[in-house]
């Protein structure tokens, strides 16, 4: 079930994007004016098809890319004035391909790499590494070579190495690609628990089922623009919009749309809800 | 007394005296001029000349002028560590040694005045002497090409594992070169870390991988970066770097000292090949060649360090490789 | 810094349409010409001819500059350092202790630099007007064995992939706080290990799957395989061939038979 979104009263604004435009060298306009705000503790999914600009947007958050025009401010400071390493303290980024990060001979060494770069003391590093290993359930492989692990474990190592840096915001690029259902579920559980601890989670994905099950807020991107910014229910009920951005709504939502003639509401985003409604329809209580 | 009031006797005596005076003074003048001598001569040794070794040169001092006449032409230069002296306005000399000779002509006239002129004689090597580096490299390339192009008697292709491996490592060498290049004059115009992959391939997969991937990968990077004219030399330089490191760096199962030896020996091959090639083939001059040698040595030192670290780390991180 | 992975640019100029074998041959002959000519003005003429060809092939200035900026540095190095090591000739312009700069030496340095420039630009034209696929095809038609040609094709195919992989890895490690532009030489080298290890492993993994793919597609089944695309020499190719050979032969006759000082 999706936890209800907490009413945000005076929550800290972590990332603020104003009319961000970004063009790659070579002339490709990836972002054509995007504005949004991200507060502490949020759980956002940025969705869109290939080329929608979602990865470009995320890379603007942690300074890997700088705005061509417009501004991105992190905790009040414009990213254009901050280095990537500096931003890495606040915003952690776990890349889509964990193999693009792993190079150490043991999992523990790998997880140490981030905090070591950030200049923490040996004690602090020790604590952070332990917490990260716990958070991602990697205790049983801590002395193994990261590159010899299964994809699911490798992905957890790469996320753990970001967790160890203790950022306030986590950006995860397609974290469940290539994972089986069990691994996927386990990973998302860990992310939820991070969110419950107060960390801000930003998922970049095109897996709508994942979004429906976990995200509290959805930003839909298409062709460099933001089409929609709302809660998942609101996002998925607009089928046309979803299709416009080259995405497919969760199967459950599609099904409920087909059954709308029978009185099933169109904003169903989980199988459990559908079952409830169908049972009611069928004459149940 | 006559009309002038001067007696005829005095007239005759005066005229005689004047004549005598005139005669005498001319005579003195003449003897004074003769005693000073003529003007100094102007020496002319002729235009600077370039000949091929083995030719006979005919010096031409006939352009020298003097009002009285030149009595002595002396040509003087150092040839094969000996001072040579030739006489006459157009002597001949056979040059059997390549070099640039500074020839001084001294002309003296009848009065002992003299003048000098300098002539530069450049003796160049003949075709073989000038072009032997090209012929050597050409022969080497011809052998390589012959090996590459002849349809093998084996009638068997290289195994797919090796095709994949060599293809990928070659691409990686080129990619790393491209990804790490920094414009920097004394290393063919760009400094890069491609050598690390050359050394890695050599240390991990033996001399063939090192030679092929190092040579062709780096040559490909040259071509892609617009320095395609360097490609044949790079093929030799980086190919030998990889092959030699692959041979020496894996002795005793890749013992630490073997690795160092391999890198140093391979690096030396690379620096030496580029130095000689640039000097003799591209004719960049001693200055640029030495600067390049220095730059290349630095590049190979850094690349070698990283390459060794890579070989070590990859083996630990990706143990599936250990089966190689 | 803008970087071009592939110097080739699709266009419909006569140079683009020539058979790649003729182009390779032409570039080799022109290179030989550049080596044999020793006169400054002849080399200048050759360079202008090459630039004319560049212009005719509609080369984009940004690509040309990128490709030639390295050789420009080398040329500068040659010109500046040459007179310090070559002290012959008159007039002497500067005589200061061990340093003796003479005017002819300066001109010899310039000549050498020009020669290097000619070589660089003529090879650049080849890359600019010929696609990689055509180059491999030409080599195979020259007689290169298929498996060697395939290895080359594999490299060409994976090269852009690896460039973008390295890019991606660099980004990922930067996001973990790695700062490249800092530290001594040894420290920086170690930092590159963080980028190169994942790159190498990624590459070797791809080699593994490629090897399987090749086997499953009957690689090696027959030694005398046929090819889908064929290269055919046309009239214009033969004409170009004749022109290029003349371009080499005439000056050579002039130089070696008639002693014209080029």
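As written, the chains take the letters A, B and C, and residue 1 is the first residue of each chain.
The criterion applied here is as follows: contacts are C-beta pairs under 8 Å (C-beta built on N, C-alpha and C of every residue); 3 or more make two chains touch, one makes a residue touch a chain.
It should be emphasised that the depicted structure is a prediction, and the values quoted were computed from it without experimental measurement.
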item	value
Chain nearest the overall Cα centroid	C
Longest centre-to-centre distance from chain B, chain (CA-based)	A
Contact-richer chain pair [A-B vs B-C]	B-C
Centre distance in Å when chain A and chain C are each reduced to the mean of their C-alpha atoms	45
Computed distance of Cα centres, chain B from chain A, in Å	63
Chain B-chain C separation of Cα centroids, rounded to whole Å	24
For chain B, residues contacting two or more additional chains	313, 317-318
Two or more partner chains touched - positions in chain C	165, 193, 197, 201
Where chain A touches two or more other chains at once, by residue number	102-103, 147
Contact set on chain B toward chain C in their complex	100, 118, 120, 122, 134, 148-152, 155-161, 163-172, 174-176, 178-180, 183-186, 188-190, 193, 196-197, 200, 216-217, 220, 223-229, 231, 281-288, 291-292, 302, 305-306, 309-310, 313-314, 317-318, 321
In the complex with chain A, residue positions of chain C that touch it	2, 165, 168-169, 171-179, 193-194, 197-198, 201-202, 205
Chain B contact footprint on chain C (complex, rising order)	3, 5-7, 31, 35, 66-74, 76-78, 80-82, 84-86, 88-90, 108-109, 112, 115-116, 119-120, 122-124, 126-127, 142-148, 150-159, 161-163, 165-167, 170, 185-186, 189-190, 192-193, 196-197, 199-201, 203-204, 206-208, 210-211, 214-215, 219-220, 223
Parts of chain B lying in touch with chain A, wherever the complex brings them together	313, 316-320
Contact set on chain A toward chain C in their complex	25, 59, 62, 64, 83-85, 88-89, 92-93, 95, 97, 99-103, 113-114, 117-118, 147, 161-162, 165
